[in-house]
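Naming follows writing order (A, B, C and D), and every chain is counted from residue 1.
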Amino acid sequence: MIADNPWVDALVRLGVLAIAMPLIPLVLVYLERKVIGRIQMRLGPMRVGPHGTLQTVADTIKLLTKEDLRPRSADRWTFELAPFVVVVPTLVAFVALPFTGGFFIRNLALGLFFIVAVSGLSIVGFLMAGWGSDNKYALLGGARAAAQLISYEIPLVLAVLAVAMIGGSLNLEELVNQQGRVPFIIWQPLAFLIFTTAGLAEVYRNPFDIPVAESEVVGGPFIEYSGIRWSMFQLAEYATTLLIAVLASLIFLGGWNWPLGNEAGAWLQIIWIVLKTSFFVLFFFWARASLPRLRVDQLMAFCWQVLLPFAFLQVIINGLVLVYGWPDLLLGVFSGLATIAAAYLTYRSARQAVEPYSPRYQTVRSIS
Amino acid sequence: MATELPPPVEHELETIDLNINVGPQHPATHGVFRMILTVDGELVVDADPVIGYMHRGGEKLSENCDYRQAIGYQDRTDYLAQFNTEWTYMLAVEKVGGIEVPERAEYIRVILGELNRISSHFMFAGAFGTDIGLFGTPFMYSFRERERIQDLFEEVTGERMMYNYFRPGGVAWDIPDGFKDKVRDVLKEAQQGIDDLDGLMTENEVFLARCRGLNPVSPEEAINWGFSGPMLRATGVKHDLRRAEPYSIYDRFDFDIPVGTSGDVYDRYLVRLEEMRQSARIVEQALEQIPDEGPIMAPGIKRVLRLPHGEVYARTETPRGEYGIYLISRGGEGPYRLKIRSPCFCNLSALRNMAVGNYMADAIIILGSIDIVLCEVDR
Amino acid sequence: MAEQQAHPGQQQATLVAPPPGTVVDIFKEVLSDIELTPYQTAGDVAIVVQREDLPRVMKTAKEHPRLALDYLRCLSGVDTYKELEVVYHLYSFRHKHSVQVKASCSYDEPHMPTVSHLWQTANWHERETKELFGIIFDGHPDLRPLLTEEGLGYYILRKSHPLAEIEEWQEDYLKLAAELEAKTKPAAAAAPAAPSEAEDRAAKVALAQKKAAAIKKARDEARAKGLSTEEEKAFVQQALRAVEEEEAKRAPVAASAAAAPTPTEDRAAKVALAQKKAAAIKKARDEARAKGLSMEEEKAFVQQALKALEAEAGPPPAPSAQAQAPAAAAAPAPPMDRAAKIALAQKKATVIKKARDEARARGMSSEEERRFVAEALKKFAAEQG
Amino acid sequence: MLGILKSLATAMSAFVRKPVTVQYPDQMRKLPSRNRGLPLLVWDHEHDEPVCIGCRQCDDICPVECITVIGPVENANYPPKDHDEQACKATNNGVCPHISPRRTLPERFLIDEDRCMRCGLCEVVCPTDQERYGNQKAVVLGTGHISIQSSVYDRRENVLDLEGLTYHSRVLKLELNAVMGTKPPEEGLLVNSPQAAGVRLSGVIRSPTEARPLSTGTRLKARLLKLYAPLWLRLRGLPRKKKPPANGEALSGGAAGWPSLSESVRGKTKAIARSGRVPKISDGGEKAQAEGEEEAELVETDKAQ
């Protein structure tokens, strides 16, 4: 409790969130540009402020003062509302996200469920943006976004479910406390991998940046947006990145706990959660700089043919462990074996003999 | 308007094809190129390449120049392999004029030409990586090395892009002191760049999934479509003009011609990557063999060159394939007719055959794998 | 240099016969009933064939097992001043030999048989040659212009097509500087220009519009009929062809109506007119710049000037005496103007030098010196004026 | 999976390597001595005249016709036939002006920098590197460091006349002499001169004496001004574009017209060209002058103190 009055308390917490949220992309964008810059052996932003630290601030000012363009043929309300529809669910999801044992807005009993459910809503915004822009690229991008998000929601939910089965709760704080000294990643590496992969797809980052693919659909749903509306999409993207990173560190890496003891002080808790979250965030940036993009049908195939069966496998293993009361060690062994199997299958399938894969038309149509 | 509605389709939604205008301002068109894709969902059912945005009439301009002035226009066709295009022009002029090039000049040409090939293939790898969705990382690695090579070129010729360095009968200036050591350094660094690209892309599963088996072209098709260079070699045809019709002094070097097996996009990529290594080999051999002293210009070349009557189709292997110049001389100071056979032009002309039936994202990759230079296509 | 090399009547050097044992011998064996003229170029061996024989020669070249020239390297058009030539460079992957085949057609009847059914790569080459040389390849599936979407209407790589003048900024600069110094008022921006090219263009645009309308109509019709995409396309094409035929029928009529100027004259006149117009545009633009107008205003200004010109030149053959007189007066002016300009500049140079020397002698700083020189110049200009 | 891990590892290996970025205006790379830049006319400081003899060979060879040479004219400083130096000295206060090795000079020498394609053929054909002309090419492209400052607003401002062409060779006299010496140095001299920086930063070509190093504050001010000039103009209620003249009178008045030749170096600047501070302005230009000066204030950041 920050204040005695519950209303004041809630308002203060919400206020902190409302102030922090728009600032997070500033930090994350700067970090991303720096990290990717170094990976590409560049320096990244260096001009504005010492080592370019104020670059994102300058960019934000530029974006905010830019003209907010709307194509004449766009569907006005759909077009203008889409950024809000994308941003709001993402921010709402943070309401139920505990950062530390004491730092959260509301600790819901169904917190995990709430977050997964609410963050899936933003897909409506992408569809609206794609449709309302009256642009073929945007339409393609919106359709791709919808297909991708809906598909990847399922393995994500299954991975979360696996965790919830072992943790026995949907309350995030309780889940974290359940993990204690040994985080769930040790017992369920498969679920962790699935969650990370599906999480990457949720935030449209390489290798799953298909909806916004620069070289194909030129920004996809965002192609017609400019100025503040475009920056809202960016805000949503980076907020989701943070959301996934925090969630992953909560349910797989043991949240604010650390291996030497559960009862860390408030500051230590913050340090731990920040460390674990930034590990994920940096991993996302790292992956973005070093992985190419999948094709849309491969993306779907990967989801339905690889991720989903293995997610079910994890759930089944967990069920067996729970029903028969096997030790956690066995759970870890099974899950690890399945992970290795999944990795091997990916390795093999990418190197299998080349054969025509796409429905090639019989002949090229006569030249028109 | 129509009083009769079409019969209702029971099980399927009626869909119409979508026309998508890719380019001329699109990140994946490598310049100003436009293709009108007709897509059924994500599947390309028709593709109509539109070129000509860069048409400057380079042939006509060259025909209105004398032989020296026209050198500058040769740089501006393939702006990624300028030495090679200049070289082709020089070969044409020298063949018609019967000019013998001194040995040292030949070696300089070989070294620069092969370095240019390396830098051009770097450009391909970078752009291709960007096409395939890598966030600029291979592009940056490529440019890191390209810059070093270009620094070297600038030291020799004074320019970073449009060198204007070869002359009929030799080269314009001698190489600067310490050039050999610098080339060796650059090669070492380029090796690092190739390895970086290799590690980043070649074995990546996502990369494999995208490129392997994509758009296989058979050798017969490739020959019929007029492919040349890496596009042709990827199909398994072991044809390299440096070997098939050795020009200059290429018969003195030991190098391999990498060929692919299935002619798919992945093979094209691999062939180019290997070609960079082979070019490095050639440069190293040339550095060892190059005479330390000697003339760099053939004796008796006048300032204003006049060639006898004659015609020739000179061709060299540029990074993109067979670059040919059909030169007709009628005894004047300048070419009577100068036709440029552009490898990209021929490779690109088959884009429709290659893109149709693939996904839209793949059409972009296929375009990237041709490694077009629009200035060369349009001339 | 252009004049020397481009002598229409110049004889080509004598052809050198190729050495025995080349691919030409095989050609002669295989096609013994066809007249082939072989010769040796600086690179490959070449054969000249008659246009009528070309399809057979090429088919044999590709398909005969001993020739097996399966790779078309290059297809070039050449304008020899006497006729139009098409040169094919062929290569055989099997036998590793290459050959150059040459055939020619006249200007009046620029038709060649296509080879695009033999080598698909010839498709774009022939399209390009059609566009740049105007050689029509009979049997080609798709002779749309390649490099310019809408086509140019003239053939730029033919030797009869002149190289366009480059805009001369330097001349502008000189002129403006001289004008300013001599305090001469710039002449009114009235130069004759003719809308001939614009009309030509308008006609083209109209044709394109007509075509577009036809396409749209046909497509709507096809959709209404419920044709498949494939059929629809064919339908549209049919309609398009019909429009083109109609247009083609109309064209000869128009041509006969305006038969007076021969094509080349017409072309030259057009070029001249375009140049005149370009000059007018340039002038207007300069004036606009001199006035310090913004870009958009400048554009508007130029357009206005152009419109005025067009209106003026509306009835081209009937210029008023008033309009003619200034033109006549303006014609001899430039050389005189030029000489005067040079003289003036020389005088001015001496003034500058003198002033500078004086300034140096007085030990002025550079800034003062500049000012001094400028003053001297002003004085000089006042004297002149 | 292994391949993906390899990709990640490669990226990480690059992460720990040293970046290759060169922070351009702060660190300038050394230009090689052969670097080709904007073609320049070299000024002969000894005789105070251009090295050029006006032979027009560069004019002929230039493939894009960017060089225009008018002339040649007789050089007054060239010793006439049967020249008697002693007699001359006697009449000219002991100084004989007839010392030039060049019989002729160009009357006008114009280079349209925008059209130039840097082929260097003009330098190749230039005959003045012979013994009798002083071993120096008149047209050189060998000073690439100068070409970095060549961005101007109007294309026509890139046409330089004699004074503009030799401007750099005068300002950067020392450096150029080093570069143009009989034996060029191994590495080209990097002219990181304050003059060059000043010229570039403010976009104003000054007369040689005005050029001086800029203070950090001035640089900052210039940047800010560049960024916010449109905003300022709006706040101050100034029209961003000048109104077109109401009638055709101003058309012939030459208001804010082309600068005279001696002013043309300054005329390179947008600010001055627009401001109409050129002599001989008709009365119609006064308003334009007032407006233009305000604008010039914004662009030309540190005016003459």
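Some notes on this structure:
Just so it is clear, contacts are C-beta pairs under 8 Å (C-beta built on N, C-alpha and C of every residue); 3 or more make two chains touch, one makes a residue touch a chain.
Values in this document were obtained by computation on a predicted structure and should not be read as measured data.
Between B-D and A-D, more contacting C-beta pairs join the chains of B-D. Distance from chain C peaks, on a Cα-centroid basis, for A. If each chain is reduced to the average of its C-alpha atoms, the one that sits nearest the average of all protein C-alpha atoms is B.
Computed centre separation for the pair chain C/chain D is 35 angstrom, with centres defined by C-alpha atoms.
Separation between the centroids of chain A and chain D, computed from CA atoms only, is 54 Å.
Rounded to whole angstrom units, the spacing between the C-alpha centres of chain B and chain C is 28.
Looking at chain C, one finds that none of its residues touch two or more other chains. Shown for chain A are the residues in touch with two or more other chains, namely 39-42, 289-291, 346-347, 350, 365, 367-368. Counting partners per residue, chain D has 1-4, 7, 10-11, 14, 20 as the residues that reach two or more other chains. Within the complex formed with chain D, the chain A residues making contact are 35, 37-43, 46, 286-287, 289-291, 342-344, 346-347, 350. Residues of chain C that touch chain B in their complex: 1-2, 4-7, 10, 12-13, 41-44, 46, 70-74, 76-79, 87, 89, 93, 96, 98, 100, 119-125, 128, 146-149, 156-157, 161, 163, 220, 224, 226, 229.
Remark: chain D residues 1-4, 6-7, 9-11, 13-14, 20, 29, 31-32, 34-36, 61, 63, 117-121, 124-125, 141-142, 144, 186 touch chain B in the complex. For chain B in complex with chain C, the residues that touch the partner chain are 1-2, 6, 17, 50-52, 55, 57, 59-61, 64, 66, 95-96, 98, 223-226, 237, 239, 244-245, 308-315, 322, 324, 326, 328, 330-334, 336-337, 339, 341, 345-346, 348-350, 353, 378. By the touch criterion stated above, chain D contacts chain C in their complex at residues 64-65, 68, 70, 73, 76, 107-108, 110, 112, 115, 154-156, 159, 161, 207-210, 241-242, 244-245, 250-252, 254-264, 274, 276, 279-280, 288, 292.
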